[in-house]
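What follows is chain A paired twice: with chain B in the first complex and chain C in the second.
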Partner chain A sequence: MQPSSTPSSANLAGWLYVSPLVLVLVPFFVAPILVVLAASFFATDGFGGLTPGFTLANYIEVLHSSLTLKLYLATIKFTVLTWVFTLIIGFFVAYFLVFHVRNQLLAIGLFLLCTVPFWTSNIIRMISWIPLLGKEGLINQALLATGIIHQPLEVLLFSDLAVVIAYVHQLTIFMIVPIFNSMARIDKKLIEAAIDAGASRFDIMRLIVVPMSKSGIALGTIFVVSIVMGDFFVVKVMSGGGSASVVSAFYEDVGVLQYPTAAASAMLLTLVLVAIVALILRTVDIRQEITR
Partner chain B sequence: MSVISAGMPETVAPATRKAIAPSKGGRPWTFYALATVFTLYVLALYGPMICIYILSFQDIRGGLVFPMKGHSLHWFVDLFTQVRTGDVKGAFDRSIKLAILVTIITVVISFLAGLGFRRRFRGDAIVFYMMIGSLVAPGLVLGLGTGLLFQTLGLNASWHTSALGAQLSWTLPFGVLVMFAVMSRYNRAWDEAAYDLGASRWQTIWLVIVPVLAPGIVAVALFGFTLSYDEFARSLQTAGSLNTLPLEIWSMTLNVTSPSLYALGTVTTIISFIVIGASLGTIVVLQKKRGGGTKG
Partner chain C sequence: MTIERGDIELAGVCKSFDGVTNVVDGVNLRIADGAYCCFIGPSGCGKTTILRMIAGHEDPTAGEIVIGGQNVVGLAPVQRRTAMMFQSYALFPHLTVRENIAFALRVRGMSKTDRLRAADAMIEKVRLTQFADRLPAQLSGGQQQRVALARAAITEPRVLLLDEPLSALDEQLRVQMRQELRRMQQELGITFIHVTHTQLEAIALADLVVVMELGKIKQAGPAREVYAHPHDRYVAEFMGGQNVLTGRVEKVNGASFVLAQGVTDGIEVPLPPRPTVSIGDQIDIAVRRDDVILVRPGQALPAGCKSPLPGRVLAIEYQGYFVKVMLDATPDDDFVAYVPEKIFFADPFIVGDAVLATWATDRARPLA
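Showing the complex of A and B:
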């Protein structure tokens, strides 16, 4: 720490400072992942008992089942849809706050307004769609009253549509915050210069705003993709049991004590997730991005 | 997540200059279009939540949808007295205690890690990516791993051991990331000034760094408390036999079909709002007390 410290003592000091963090992450992140990895190679008696050993049977079972493909397709569908909607909404909300709200205090206030629900319960926010989307919910009531429909729409709740609505509702904030953060750092003079040089609004968006908020988009994407791919309760509740994702199937497997197959499928999912996140991290150095 | 932190005012750059307004003055059409998008977003964000808060105040005839049937506190009483809905009071108690514990640990560890990450040291990337991994790993899978680990070691899973650890694996990455953003505005020359005046390393931390970063530390505490209080996926396999509040809510969503569920939503949200309000209030007070003098 002291200005005169040598590199090796700086290394030691650094490790000392992060050692409590490491002491939590090793037993509660690294070890559990290794346990699941180990379990994925174990055999089972089908009643929750595990036989230590090494077998690839669980992986073969998972990879051969046609269900796996279906689950992954469903998960990818939810992930892509949620990503597209959160990105579009998040980008424009952030853009509005940064470039259109001229009063700084107002911008901060509106920004906080967007972030408050992030600090409340996800499950509660999810079930709060029931009075709106249900068969006798507000939306159906309104549509019936205006005469647009004559039968209540049943696809609103307990459907894939409801799942995507709940995801977008919960996760758009994960796009808004990082994109807002990177947009706020764009020098407004740059945009004025572009206007003076005759750039159109579209050009400014395409050539300045989007490239300069790339890091925020990447960070938001990591959050949204990892949360949707790791989720099981939104899919379970909002689809009314009609749809499943990789992790919701994992949840069912664990429920019937099928630990090894569940573990094998969890490891595959983790690999996919790591690949996606690594790909995103290649395009942007988030550590530098956050500390800048 | 960084900008939620106290440093907000600095990040919003000098916005007093005109945005992309054409020289004639007045707002471009995009302003109105985006203002509409923003308004619709906020409506969709709060609308459903407000619906269930309103519906939780129905009387005994109440159902899960509008129209409202009477006004009373029946479902709140029902929530805390009925056995049918499970041990809400106990779960509530445990969740608050756990959240306080998680908050304290998260603040201390994130702060220390933030100090450590100010300088590059050999192997820092390993710690950093371990943290990112902990953040993006599917919560349910991590929770199961932790549960199995405790089982293998012959330890009993309970909310104040395994669930505490599992929740920290979720709150710490957030806390450290916020710390990063906060620390990036700290000028290291202040450290050196303190050393030159004869302060020891600990005096520098206590008398210079902590007071300067106080608003950011409150923000970390806010993350710690609310993320723990609402944490669900990682606690599911690690909480042992006694439920935390989100687990209670989860089991209610699966089998309770009365406005009790909404009443529980209203109660937990009130708690969240109190915590958010208190934290933001503290940040504002700290910023004011500090005045403009220490802005980095």
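Showing the complex of A and C:
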């Protein structure tokens, strides 16, 4: 047997340790990105055929289009709104589960209950908003019956409001889980020490719980932001086609066989997302927070 | 209605978590203002629960807790003017030393400059000035302990409650921090209540030692009284330093009585001031381990010593200034003599030697 301290076998062991991750990441992440990257520099004959080569025309087209900025603004609006609401709801649900449910079994039970919506498909979850929010839906009927409104509210369904509602519904769990996780690791003695020092409930939340949940909030933010920015389906269905997002635009490109332009848009979005995630990681040192 | 004095009175205090068993069972105790009081007992004896009830982190099921003449049951810790130093310190990991210490002032609404100035003064008092901007994780155990102490003391409480403050430290540091605690207590001039399970810590620090078992106080008194004059077998064995012997009273004559013991022809024990001993009683007596004198069979007993216990040396431990000699002189094989080093090595015993254990008759004490 070789002594494991020799450089070559240590190297080999290192490669063996990372090989499972490499085996997953290379075919499912690195390769597709490279394919898209290559395609974004190709020319097209307009009928789906690609001409290998190197041209920046696709990027110039995407960056010159006034539509691009508009789409990014629309997408960022959805992202920010969804982020704000999922953060508020996710934070307080996690806070309640960790600090107010004394019985650990009950807390875990309630936590699992939060995942119940995921037992049905995404599409069904969206469609089920229609009988609630629609023109003849429950909310409009109730409001009409109580006499608060005299005309059904059109803004409830097939609108930006509906898009945000659907996003929040789908993505709050992605906030709850990491925030719950980081809150659960806060030593209850710290809360007691804060009470002993005279801190109010609000002080404790502001000065202890929020700063110590930072890593969870950052992780949840990464999940929510990257999912919303990379989505087109919810926007399409819930806005009734009235709104668009970055992805829905290049989905259209794919539909009309403009693969290189779609690829260039996709690369641009990837860069924007990488920048956002880098910004989040700069603000919160997740690695340090987790190992603390 | 601020509380100005730190004297504490516990009256019939009970605590039950499940409604069936009392973790703290009818505790009555008076602690003087500015005293250093140590609660000591095995884990689960209720000492920490008492501390938490005084601090206001638990409410008693029954009874009154009076601080400075005011019943504080139901009041928040701030209103009681108590402060607690938690076991393993519970320092806020995301705040620096200075911010940790200033925390209580911050939530009281003190301005930033004022509270940081007050914190810096306190940091100097606990000699942490060069570490003021570090996070707790970057400090050693002893430094963390000083931060915890400073954080608790910054609000000028009347009573400081310490939950096993030294248990996370290694032996050498523990002795050092013990002195620091005492120094802080004298400097601040406030009541300290300290929970521990280390006998040495309690008697080294406390003006008032409270020995507990199963939610009840077994004995409360000055350190020397509790150590040298334990009230009963439990206290004697828990505080250590005593040999406890059991026997039947054979004779009561004037100032002493004779205890029959299987292995010997009777041990003479002086009577307590109020004799409650009568012939036939089953009774425990205590003899301090450092009062025991070991002689070889056949040697003359020292003056004032009677009725030696014969035994064999089971084990010998060198402790530095004395030697711990364990004998099989009692049925439970738990008879120990602390022999001064010089005397022991003048004529050393080895394991297996037959010896006689004796003591001056007036050194034996009956236990309740």
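What we mean here is this: the second predicted complex is superposed on the first by the 262 of 292 C-alpha atoms of A that agree within 3 Å, B and C clash if a C-alpha of one lies under 4 Å from a C-alpha of the other, contacts with A are read in each partner's own complex, and residues count from 1 in each chain.
Keep in mind that, in the parts below, contacts are C-beta pairs under 8 Å (C-beta built on N, C-alpha and C of every residue); 3 or more make two chains touch, one makes a residue touch a chain.
Quantities reported herein were computed from a predicted structural model and do not represent experimental measurements.
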Notebook entry, point to check: Between chain B and chain C, positioned on chain A by superposition, is the outcome a clash or a fit?
Noted result: fit
Item checked: Partner chain(s) touched by A:Asp203 [first = chain B, second = chain C, both, neither] -> second
Item checked: chain B versus chain C as contact partner of A:Ile123, first or second or both or neither -> first
Notebook entry, point to check: Between chain B (first) and chain C (second), which does A:Lys70 come into contact with in this model arrangement: first, second, both, or neither?
Noted result: neither
Next item on the list: Using the superposition on chain A described above, determine whether A:His100 touches chain B (first), chain C (second), both, or neither.
Entry: first
Margin query: Between chain B and chain C, what opening angle does the Cα centre of chain A see in the overlaid model, nearest 10 degrees?
Written below: 80
Check: A:Ala13 contacts which: chain B (first), chain C (second), both, neither?
Finding: first
Check: Once the shared chain is lined up, is A:Met212 touching chain B (first), chain C (second), both, or neither of them?
Finding: second
Item checked: Chain touching more of chain A, residue-wise (chain B, chain C) -> B
Note to self: Quick one: is A:Phe92 in contact with chain B, with chain C, with both, or with neither? Answer first, second, both or neither.
What the structure shows: first
Check: Just chain B (first), just chain C (second), both, or neither: which does A:Ile195 touch?
Finding: both
Next item on the list: Pick out the closest CA atoms of chain B and chain C after fitting on chain A and give their distance in Å.
Entry: 5
Next item on the list: Check chain A for residues that touch chain B in one structure and chain C in the other, and list them.
Entry: 187, 189, 192, 195, 292
Notebook entry, point to check: Once bound in the complex, which stretches of chain A touch chain C?
Noted result: 187, 189-190, 192-200, 203, 207-208, 211-212, 292
Notebook entry, point to check: Which chain A residues qualify as touching chain B in the complex?
Noted result: 1-3, 10-11, 13-18, 20-22, 24-25, 27-36, 39, 89, 92-93, 95-104, 107-108, 110-117, 119-125, 127-132, 134, 136-138, 141, 169, 172, 177-178, 180-181, 184-185, 187-189, 191-192, 195, 201, 204, 222, 226, 229-233, 237, 247, 250-251, 254, 259, 262-263, 266, 269-270, 273-274, 277, 286-287, 290-292
Next item on the list: Please give the residue numbers of chain C that touch chain A in the complex, ascending.
Entry: 55-57, 76-78, 82-84, 86-88, 90-94, 103-104, 106-108, 137, 151-152, 155
Next item on the list: Within their complex, state which residues of chain B touch chain A.
Entry: 1-4, 8-9, 11-20, 27-28, 30-31, 34-35, 37-38, 41-42, 44-49, 51-52, 55, 64-66, 105, 108-110, 112-113, 115-117, 119-124, 127-128, 130-146, 148-149, 152, 165-166, 168-169, 172, 176-177, 180-181, 183-184, 191-192, 195, 201, 222, 226, 229-230, 232-233, 237, 246, 249-250, 253, 261-262, 264-265, 268-269, 272-273, 275-276, 280
